Each structure stands twice: as structure tokens, then as C-alpha cells.
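Letters A, B, C, D and E mark the chains in the order given here, with residues in each chain numbered from 1 onward.
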Amino acid sequence: MLEVRGLRVSYGPIEVVHGIDLDVKEGECVALIGANGAGKSSTLKAICGLIKARDGSIRFDGQDITNQAGHAIVRAGITMCPEGRQVFPQMNVVKNLRMGAYARTDDAQASDLEEMMDMFPILRQRAGQAAGTLSGGEQEMLAIGRALMARPKLCIFDEPSLGLAPKIVAEVGETIERVKGMGKTILLVEQNSLMALRLADRAYLFEAGEIVLEGTGEELQSHPEVAKAYLGH
Amino acid sequence: MSKSSNYIFYAVALAFFIALPQLITVKYYLHLSILALVWVIMAQGQNLIQGYTGYVSIVQAGFMGIGAYTTALLGLNFDLPVWLTILLAPLVTAVFALATGYPSLRVKGHYFAIVTLAFNMVIFIVLMNFSHLTNGEAGLMGIPKPGGEGGLIDFSDRMVYYYFVLAVAVLMVIVAARIVHSRIGQILVAIRQNEDLVGAIGIPTWKYKLFAFVVSAMFAGLAGAIYAHYQSFINPEIFGVAQSLDAILAVIMGGSGTITGPVIGAFIVVFLPEYLRFADSFRLIIYGLVLVLATIFMPRGIVGVVSDLWAKVAGRGRA
Amino acid sequence: MTTAVLRVERLCKSFGGVHAIRDLTFEVQPGEVMGLIGPNGSGKSTTVNSLAGLFPVTSGEILLAGAHIQHLPEPERVELGLARTFQTASVFPEFTVRQQITLGCEPTLKSPPLSSIFGIGRHQGEVEAIEARVQDLLEVTGLAAVADDAVGTISSAQQRFLMIATALASEPKIVLLDEPAAGLVSHERKTLSELIKSIRDRGIAVLVIEHHMALIMEVCDRIVVLNFGSKIADGTPAEIRSSQAVIDAYLGESV
Amino acid sequence: KDRTLDIGVTDALTGGAAVYGLPQANAVQMAAEEINAAGGIKVGDDVYKLNVIAYDDKANPTEASNAVRKLIDRDGVKYILGFCCSGATGAVASFISNEDAVMLVGNAAERSITTQGIENLVRTRPPADYTGAAAGKFVAGKGHKRVAVLGALEVGFYASYVDAFEAELNAAGGEIITKELFALKDRDMTPQLTKIRGMEPDAILVVGYVEPAAFVYRQAVELGIDVPRYGFTSGSEEQFLRVATSEQMEGVWDLRPTELTLLSATENGIAYHENYSEKFGISPSPSSPYAYDQTYALKDALEAAGTVEDTEAVAAALRDLPVPDEVVMQYLPVDGKMFDSNGQAYTSNGAFQWQDGHWVFVEDLPSDAAAYSEFLSTLD
Amino acid sequence: MIEIFQQIVNGVAIGGVYVLIALGLTTVFGILGIAHFAHGSVSMFGGYLTYFLVASQGVPLFGAIAIAVITGFALGVVIEFLAYRPVRNANHINAFIVALGLTMMVEGINLQFFGAEQVVIPTSASRVFNIGGVTIPELRLYVILSAAILVAAMAIFVERTKAGQAIRALAENRDAAILMGVNVNTIPLIVFGISTALGVTAGVMVGSLFAIAPGIGEGLVVKGFAVLILGGLGSFPGAIIGGVVLGITESLAAGFISSAYKDVIAFVVMIAVLLVRPQGLMGKTS
């Protein structure tokens, strides 16, 4: 479904992603793991059209989306739940969720909204509060809910568990599991590698802008180097 | 650029400025050069608050006016020696800057810019309407030159005045450089980057912002005083918002947050409009267009362009 | 009994209608590492921000080494010995790492700031002393290799360590760390826990907020748990781990 | 021999004051062309054709001194005309006495310009207080006791008009009950007028630039103020009609030097109006002949002095000059000379009234040029 | 008493003009963080254009206004695309300098095409209403009414339409807006178009109620920014309340304190408000 070939990304003169290949098949959950600054977020941003790819190609659903405008990519069916949440700070929770459905034209939005509030009850409690004043965890849930509001074909999560309480991390894991269950295709970046590898059908290991390892979730979990550096203790 | 090549650069620049009057055949350009040197002082002050601290102040010309009126009024009404009134001008300006800086610096970004702009308008309106003191729009004439009648040096000779302004400008550039290379300068640059963090690591930011604001105002006050004695005439018109904007332009066009930038920028804002006079009634349009294009195509000013070129040349030399 | 390095009494903070902290009371002893945990939105960051003086508290008292500080502005609290880091990385991107840490030493300097312009009234040897302290901090936090890199170009993990180094530069009695492990991978977390222990070994108390339970359990001597702005538990890691209230509110199944 | 003499003009060609400056520059250009067409200026054996170099000073003092410096230093010009606005003029006046040049001031009315004994400066327009005193007498004579003033009082010469006006009014037992102010860019005068309306004056006096003044007249009617309106604005009919209807203007007085208006004008004036309108496609502003007259005064002075090089001689010749035949304004010579010993010229003052869409010359305002000239000499 | 009411009525009309100018400024500021200093001069261009069409081309007034508003929209689009877009990612001060350059250009163009003399757009509205001693000229009434209608229309546009939603999203978080599918290349064009069209209507109001002349636009934009500061940068209700407050303050200050210092008083009020509420009257704390 998603086909990345030879992708290079740079900020000014500094190249941070050095030509990677990456595939996500329909219905699959793929994880990207790796250290800080390895270039995971940059890769995702290039896929979503937030930054330009210097080289390489990105195809989605048989369509070339390399360096297309971000809004066109959203309409093609990709949404991202970005790193650092990126909620609309002055809009309230409900308006944020509605923004999620901006590119949609059908009229099931109201029922989807209810569904999101059911999935994250805290959002219902805070429905009228400006998103900027929510706690970090509350914002993360809002961002996930907002991304799902778009009913995407491919849903990208960039570090959804960052800064969340353990109980919520588990919930986020469950949520992603549920999204997976909905038959959505998922591309997931996680520092919480253990969780990521458990969730993922397949995973890639990033190091310094390159993919150094690829395999199923279990394969990587049992890989000695991965276990040592990323799964810890 | 290495340290030693820096020194060579400054020495060459200084030699150039010393030789300049000899190179000029049309005295008109000497006149413009004197004005440009006054603007060097203005722009260095502006750079301190705008380029280094990151607060765009639009009141510099107002402070220039306070300095100019201070020296003129003290000289005309109390017969104080010109040297003394020139020294008092930045001090009086500092008092006004303290009073206006305290409220203005409570807000940031565009708020600060517009509040200071309002202060400039207030200063302008008061200079205009408080005519018992300022003689309103008609202005003050006959402001004495330093040295007085029959003094040792004849300051009404433009050549002499040029060297006088040059000396002051060089001194002020050195003062500005000392400030930005000091601990205080470091803190100012930190404020520009992340003001909240500066507070969080235990530095009372308001003191340093106020310092930068007041010092920049003193630069402007001094520039105003020197201007007043050069022109022998001042009126409020010269100290309006348009001139404050020129100070901002000087910093941006030259290269903000650098010591050389404002010097270059000052000469640009004084000379460029002159060279565009050929365009006659299209002058305003062309000047505006030049500004827009310059900002788009050289956002870091002339110094930025030159240092990029330099880096390229040096890089190639090494490779 | 020694005086607590930090004592918080009946602290309340509300934003408009939201009561972010209610009646919070706790102490941190010298040389202690205290954990502050709780669900998202339970008021941990608000607590740190109140202690540091980022905004005025609604009511309550804050004592640093026995002295009331709740009315002092932020910088004066730092001078008295309270330093902090932020939940999201906050740095000076254009500075080098060394420059940023040096700036962090500013509150401890005896020479008046103007002395650095005019070169008078300088304290003997201060510059050298600062340079040595900065070098020490660079090494302790593992940043020596990137000491002269621009802060904007180092990795986000390194920026997190830099925030800690900058906080330590003010020679605090206590540092407040707001989620220092966020975004770190396991080997970096290990470095972090070593760092926290070595801070404690220098006699500096630490208040650490974290969602990473393994880290918290490892480094903390004592843990305070917040929920809806109130304290629901206070005890050793073992006690907290087994507290049903904490499990319900925060930990979930088990950790 | 046919030669060319460069003369300079600095004036506000752009910006808010261009309404005054641009017509002046045009007037000089027109006069120069007329002089050239009529054979030029005969100095000794040479015949000079005039070439005008005009620079824009935006009425800004710094720009004005830059422009004059450039004219003198770079273009080698010795005769500089124009000067509509007091600030810019003051800046140049403060250094012109050290220069080898002659400065001819037009519309700028600040009194102090001709009180400093600058030998190489003359001015065609009389100071404002000269006219203000005459106006005060006139209004007092109408029996008004309580007069409200609204004007550009931050501008020195308007303030001095009002001061002289007030002195005469007080002498006749009247008083100025309030002095309200407007700025050059103000167009909404209703706050000031509302206040004045509340004070129930016998008459109002409007002193200032035409553009805002026209709004005062209009808005006074809109606010239902129906007392007599006097003014010192020198606006043309066209300028007022752009803002107010003729009905709204009906009965308004303008108390000012007898400048150019169709009905008051001499033959020269009518010709000037026609030529200017034809050449520039717009009628001349009432004060623009001050600059036109400068050019003829300069021509006569050059011919009298017999030199274009010796500016001192030309400056002296100017002060010795009878009123030239070609001038448009009606100058009152002092001791038979156009400019008095201060370099100041005087015109007669008149009371004009708006009647049925036109300014109508009603009567002379008695003014004593010789006495004022003496008074001017006593000022420092 | 009548005097106070009269002064308030006086202030509301000029306040209406301020509101329209400020609305344009505040939408541009909210979305792009640009202090669009050229707004006043561009608005005056619209006023001049209307005058030109009415006075020398004989176009009926409303036709002329329509043409000017459409031209204004197009001009706004062009300005965004050619001048501001290239500095979108640079420091905001650079955008400010571009704005200054644009101001000079537009002032120059106005001068070149329309001359230095003040122009007044001729209208046939010359009646004056008198309500219990308080007088209102017909034209002022129209100005107040049309300002109110435009404000309401803008409010509906921003609150109720999809484009309005996108505008708000873009104002708050550009990247997130992209991820929601907002076309961040066209929205700024629309915003600039609308903002300039609003400015042009303000220019027409100034030109018919008062006059257009060199420098008036610059004075107006400063007042517009004062309104923004007073009301809160980027705040829609702030622009409305700020504009009316500033208009009335000026009027009362000139009538009851000092006409010479009325602007000083207005600025002092603005600064005083800022000291008490640094985010402006309606601004939100961040």
C-alpha cells in the first residue's frame, strides 16, 4: 500500500535520512524503532508532505505522492498523529476533533465524534476546554482521536505513548490494537520499543538515518542487539 | 574569518573612513557621510535591542529627538558649554528610556513593537505641541557648534566635523562591541533565543532587557545631540516614526546581530535614497521595491551575503 | 532533625475553574531523590512550575531550606538554590553546549555583570573557576564530546542532558526534573539514572517527575503520587508499587 | 552670448505638504520658461536662459538641507527658490548665511525666518501675525465678543496669527473662549466642534491647512453650529468644493493676504491663472504665486546687480528692488522697495467671503506694512 | 449630557472604520503572524480607485465600490503571493521590513496615479438627522451600519464555514492544519484577499466620510495596530471592541481633555490596558 524507495531527507545542507526503502502492506501494522534523532520523524514528515524529500519516491495506493502538497496526501487517505501532539491550542476539544474530519465530505462525523469520546472518556469531560490547557496525556489522546476522525486508510502514529502514564500507555496500546482491528493500516514510531514490537506485524530498525534491520515483530524482539539497546534492562 | 583577519578588516575599514574626506571631490557627499556616521551610532543602538536582544523597538528616532532637544535647549537657554550638553543628552534620554522601557518591556514581540511605536508618536506629538519649550513645528534654530566662537578647532568646517563624528562613531562601535562580547551581551543573545529559559536559569531578564533598551536609547540620544549641533536646526519632523523605521532598516539591510552590519546599513539608508533621486517621482516606489527584494533575497543583510560568499571562497580554497 | 531542603505546605493552584493542585503538602530531605508521579493532568508539571515561580500560586507555602520563597520571582529562587528542567526541551539553539552551561553559572557569579564590559571589579580567578565547573558538568552529563557543537544540532536526548547540566550549573540545593527520560531509549535511560544518582551523591536533592516506572523505582528514595491535584500516596517505591489506590489511578494492571 | 543659469528649487513635491510645494515648483518652472521665451536675463553682455533643477524635500528638514547642500555643492547652484514649509525652510535658513548662495522663500510663513538678519535671504510671503492682527480688528469690528478658535496651532505661524488676532480682539473687549487644535492629517473635527458647540460662541475662527479646514466648515454645519465662521486658510474654491457643498460654505470668511483669487486679481493674476491652468491642467493654488514672483524678483535683481557670480551683490540688489512689473501678488512696498531691510515683502490683506459658490473680495483689511516692518526689525 | 452622547456618536463612526481596518490586520496577523503595515496604504488605494471611477469615469458609486473591492481582493492575493510568501519561513522581522517596503511602494503608486491633493469620494448622502439634540449625518449612519454588517458577515464566515474553520486551524498550528488536509497554499491567499477587500471598504468609508490624501493610510494603520493591541492580537472580538473603544476614547479625549493630545491620550489608554492585561482586552492568555 505504501512504498518508499531510496528516500533522502535533509534540513538545509544536513542530510538526516540517507536513502531508505520501506513498505507497508494493506492491513499491516508496521513499526519503526530506533534511537533519538535517527530520522524516524523526518521520514514520516516526508511521507505526509510536511517536508520535502530530496530524493527517492513515495507511492501510496498505486499513486505517486512524492513531494505532493500535504493536503493532497491527506485526501489520498494518509493521516498522521504527529510527534508532540500538535493540537489546536485555542480550539476546544470538540472543535479539534471536528477539524480531524476536515477533509471528509460524508455526514457520519457526529457519530464518529461520539465514538471518539467513548473511546477516551476524559475527552468528554474536557469537551469545552481549550486544547492548549490540557495536560500532555490528555492532548495525546485528543491527537489520536483527531487523527481517527479522518477515517484514514493509513494511520501514522509518531510516538503516541510519549509522556503518558503507564496505565494510559497500556490504553494507547489497546487503542492502536483496536484501530488495527478496524482493519486500518498502521505505521507506528515508538520509543517504547517493547510495546511497538508487540503490536507490529513487521518492524524496521533505524540507526543514523538508515535502516539497519528489518523483520517481524518477534524477530526483532529476540534480536540480541535490539534487545540490548532498545528493550533495556 | 579568523581573529587576525578580523583585525585586518577593521584596520582597513578605519583607514578607509579616515581617508574618505580626501577621496570625496563633491562636498555634498561629505555632508551625507557625516549624516551616515550619525546613523551608524543610531543603528548600533538599534542593533543592541533589535539584533541582539530580539526586541524590535520603533522609538529610536523619538529618543534621538529627546537627545537633540536636550542638548539644544540646554545650550540655548542655559548657555552651558556644548561639550557638556552633548554628554548630558544621552543621560536625559536614558531617564526617558527608563520610564518608557519599564511598561513596554512587559510585553513581547509585536506588542512591544507597537507599544514603542506609540511612544514614538507620543514623543512626536509632545515635541510638536509643547511649543513653549520646543517652539513646535517651526523648530529650534541657531544651535551652537562645539568649540564655540573662535575656539581652537573650527567645527563649522565640515571636514573637522566629519572627523569629530567619526571619532564618536568609532568609540560607540567599540562600546557596542564590548557590550555584545561581554557576559551581558551573552545574556541578551540568550534572551533573543529563549527568554523563558533565561528566567528559569536564574537570570532576571527584565534587568537586562531594560539595560539593552536604555543603552540603545542612549546611543540614539547621543546621535541626536551630534545631529543637532551639525545641522544647527531641529524640528519634530526629523524624529518621527519614519526615521525609527529607517533605524530598523539600517540594522536589517546591513545584517542584524553583527557589529559590522549596522555600519553598512547606516550608509545604505542615507545614501540609497539619494541615488534613487534620479527616479524622480518613482523614487518612493523603487525604494520600496528595493527593500522588498533585498529582504527576500538577502534576509541576513549584506553581512550575511558577504560571509556566505567568504565561506564559499574559503571552503574552495581549502578543498 | 535536619530542616527539609524543600517543604511544600497546603499548596493550591487553580487556573480559572480548573483546580490543578489542591492542598498539596510534602517535603524533600537533603540528599534525597523524590519521585512525583501521577496520571496525566494530575498536576505534576503545575507543581514544578509553582515551585519554580513561573506563576503565582493560589495559596499555600513553599519553603526552601527553611526560608519562605512563594513570593519571590523565579530568578531569586534559583539564586537561593532551586533549579529546574522543563517537560519539553528548552534550550538556546544558537549557543554551543559549553556556552549554554556557562550561562547557567551566571546566578553564582560574584563579579557584577558590568565588570565584563569595562573590566573592573572582577573577582580573581572567577573565570577559571567557572570554566572548570563547566568542564566538570560536561563530563558528568556525558556531553564533553559535543561541547562545542551548536545546541540546535545535537540530538534531543543530548538536549535533555544539557537541560540538566544547565540546571546544575547554578549550584542548586535541589533540582526539579520534569520527565527527564521522555524520548530516551533504554541505554540512554541507564545513563540518566546513573546521572541522577551521582547528583544525589553530590548532596543535591532531586525531585523527579517521570512516567517511566522502572526508572522511578530504581532511583527514588521516596515517591509522592498525585491524582486530580491531590496527594494520594507517599512512600517508598515498594509501598507505592503495592498501593491499590496507585494501581487504580495510575499504574494499571501491574508494572 | 547665450548662456544657461541653473537655479534650484527645493520644495515638498511629495507627501502631505505637496499641496503647497508642488504648485510652487510648477510656478517657478513656468516663470522660468516665460523669462526664457521673452529673451532671458541680460547680465552685462551675456544673456542667460534659466534652467530649473527641482528637488523634493517632503517638507522634512533633513531632506531640505540635503537638497540644498546638493544644489550648492554638487550642482553649483547659487539661487535657490521655493520653500513652502516652515520646518524645512528653518533648517536651510540656519546655515544659508555661510553659503555663497541666495535663498528666496515663498509660502513658508514662520515669522522668525526674516528676523535673524540673514543677508542672503528674502521672502515674498508676509509673516502670519501681520495678517492676524488685521483679521482681529476686522472680527472685533463685527461686534463678536466670544470667539472659539480651531486650528493647526502646533504650527508656529498659525499660532502667531491667532496671537496677533487675540491681542486685537482683547483690545476691543472680546475674548477667545477656547483654542482647539487639529493635526494635518485629522479629518474628523466633530469632537472639537461638539465641544465648541457646547460653549455657545459668537463666532468661530478656523486657522490651518485647507484640507482639514474644509472639513471644519462642513462638519460645523452638520452639527448645527450656525454662528459666523472666519478663517485663515487660503484655499481655492475647488479645494473647498471637494469637501463641502457650496451651501455648507455659504457665508464663510477668509481673512488673509490678497493672494490669487479670480475676482481680486489684477491682469497679471488673471493671466497667471490661465497660463498655469493650461500648462498643468489644474488651477494654481492661491499661494503659488509667491514662488512665481520670486523668479521675477530674482531676474530683476540679477540684471540690476549685473552679475550672476557675486551673490552678495545680487542679495543686496534684491533688497533694493522696486516691485517688478510681472508679479501677481499685490505687494505693499516699504520705502518704495519690494523687500524691506529684513528681506521681507508685504502684500495687502483682504476679507473674502464665500458667496454663491465663489470667493468674493469684500474689503481690504487695513494693514500698515511700514509699521510692521519696523516692528519686525526690533525682533531678534 | 447631550455633549457626551454627541461625542460617543462621533466616536462610533470613526470607530467603525478602525474596526474594519483592524479586522483585516487581525486576520492576517492571526494566520501568518505578519504585521501587515502596508494595509493602510492599500486600503487608501482602494479608496482612490473608487474616487477615480466615480469622479472621472462616471461609474455609479456602488459599481465603483464593487470594482474596487474586487480589485482589492486581487491585490491582496498578489501581495501575499509575491511579497510575503517568499519570507514565510524567515524571521518575522523580515516580513515586517517587506511590509514597510510595500507601504512605500503603494504610497508611491498612489501618489503617482492619484496625485498629492486630497480627494473626497462624492456621495449624495447629505442629510443630517437630529435626535434629541444629537446630530448624525446620514453618511455616518451608513458607515456605522455597513461596518456592522461586514463584521457580522465576517463572523459568520469564520465561525460557520469550512474555509473559516481552515483559517482558524492554520492560525493556531500550521503543521497540524496540513495534517488535517487544509490547503495551506491557498488559504493565505484567501485571507489576504478578504483582508484587503475589507481594507478597501474602510478606504471607501474614509474617502467618502473624510478624505484620502498622502499619509492618511499610514496614520490609519497605526491606529489599526493600536486597536489590535487594545483588543488582543489575532482576536476577532478584540478588533471589534478595541476599534469602538479607541474611536470613542479619541472623541471623548478631544472633547473633554485636550484636542492637541487626543492621540497621546488614546495611546496612554492603550498602554494602560496593556499593563493590566498584557494580552489585550479580549486576548487569551497563552
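Operating definition for what follows: a residue touches a chain if its C-beta (ideal position, glycine included) is under 8 Å from a C-beta of that chain, and two chains touch if they have at least 3 such contacts.
These are the chains along with the protein names UniProt gives them: A = Branched-chain amino acid ABC transporter ATP-binding protein; B, E = Branched-chain amino acid ABC transporter permease; C = ABC transporter ATP-binding protein.
Computed from a predicted model, the values in this text were never measured in an experiment.
Asker: Can you name the chains that touch chain B as well as chain D?
Answerer: E
Asker: In the touch network of chains, how many steps separate chain A from chain B on the shortest route?
Answerer: Tracing touching chains, the least step count from chain A to chain B comes to 2.
Asker: Which one of the chains is farthest from chain B, going by Cα centres?
Answerer: Farthest by centroid: A.
Asker: Name the two chains that are joined by the greatest number of C-beta pairs in contact.
Answerer: By number of C-beta pairs in contact, the leading chain pair is B-E.
Asker: How many angstrom between the C-alpha centroids of chain E and chain D?
Answerer: 37
Asker: Using Cα averages as centroids, what's the distance between chain C and chain E in whole Å?
Answerer: Spacing between the chain centres: roughly 47 Å.
Asker: When the centre of a chain is set as the mean of its C-alpha atoms, what distance in Å lies between chain A and chain D?
Answerer: Roughly 75 Å, centre to centre.
Asker: Where the centres are mean C-alpha positions, what is the separation of chain A from chain E, in Å?
Answerer: Computed value for the inter-centroid distance: 42 Å.
Asker: What residues in chain E touch two or more of the other chains?
Answerer: Those would be 111, 260, 263.
Asker: Where does chain A touch two or more other chains at once, residue-wise?
Answerer: None at all.
Asker: Which residue numbers or ranges of chain B touch two or more of the other chains?
Answerer: Touching at least two other chains: 129, 281, 283-284.
Asker: Give every touching pair of chains, nothing left out.
Answerer: Between chains, contact exists in these pairs: A-C, A-E, B-C, B-D, B-E, D-E.
Asker: For chain E, which residues are in contact with chain B within the complex?
Answerer: Where chain E meets chain B, its residues are 29, 35, 83, 86-87, 90-94, 96-98, 100-109, 111-112, 222, 225-226, 228-229, 233, 260-261, 263-264, 267-268, 270-271, 274-275, 278.
Asker: With touch defined as at the start, can you tell me which chain B residues reach chain D in the complex?
Answerer: Touch list, chain B to chain D: 26-28, 31-32, 35, 128-129, 131, 135-139, 141-143, 156, 231-238, 274, 277, 281, 283-284.
Asker: Touching chain C in the complex: which residues of chain A?
Answerer: Of all residues in chain A, those touching chain C are 14, 35-37, 84, 122, 129, 133-138, 140, 159, 162-171, 191, 193, 228-233.
Asker: Within their complex, state which residues of chain C touch chain A.
Answerer: Touching chain A: residues 15, 18, 37-42, 45, 87-88, 153, 155-157, 179, 182-190, 211, 213-214, 249-253, 255 of chain C.
Asker: Help me check something: in the complex, which residues belonging to chain C touch chain B?
Answerer: 52, 54, 73-79, 83-84, 86, 90-95, 99, 102-104, 106-107, 109, 113-114, 116-118, 166-167, 169-170
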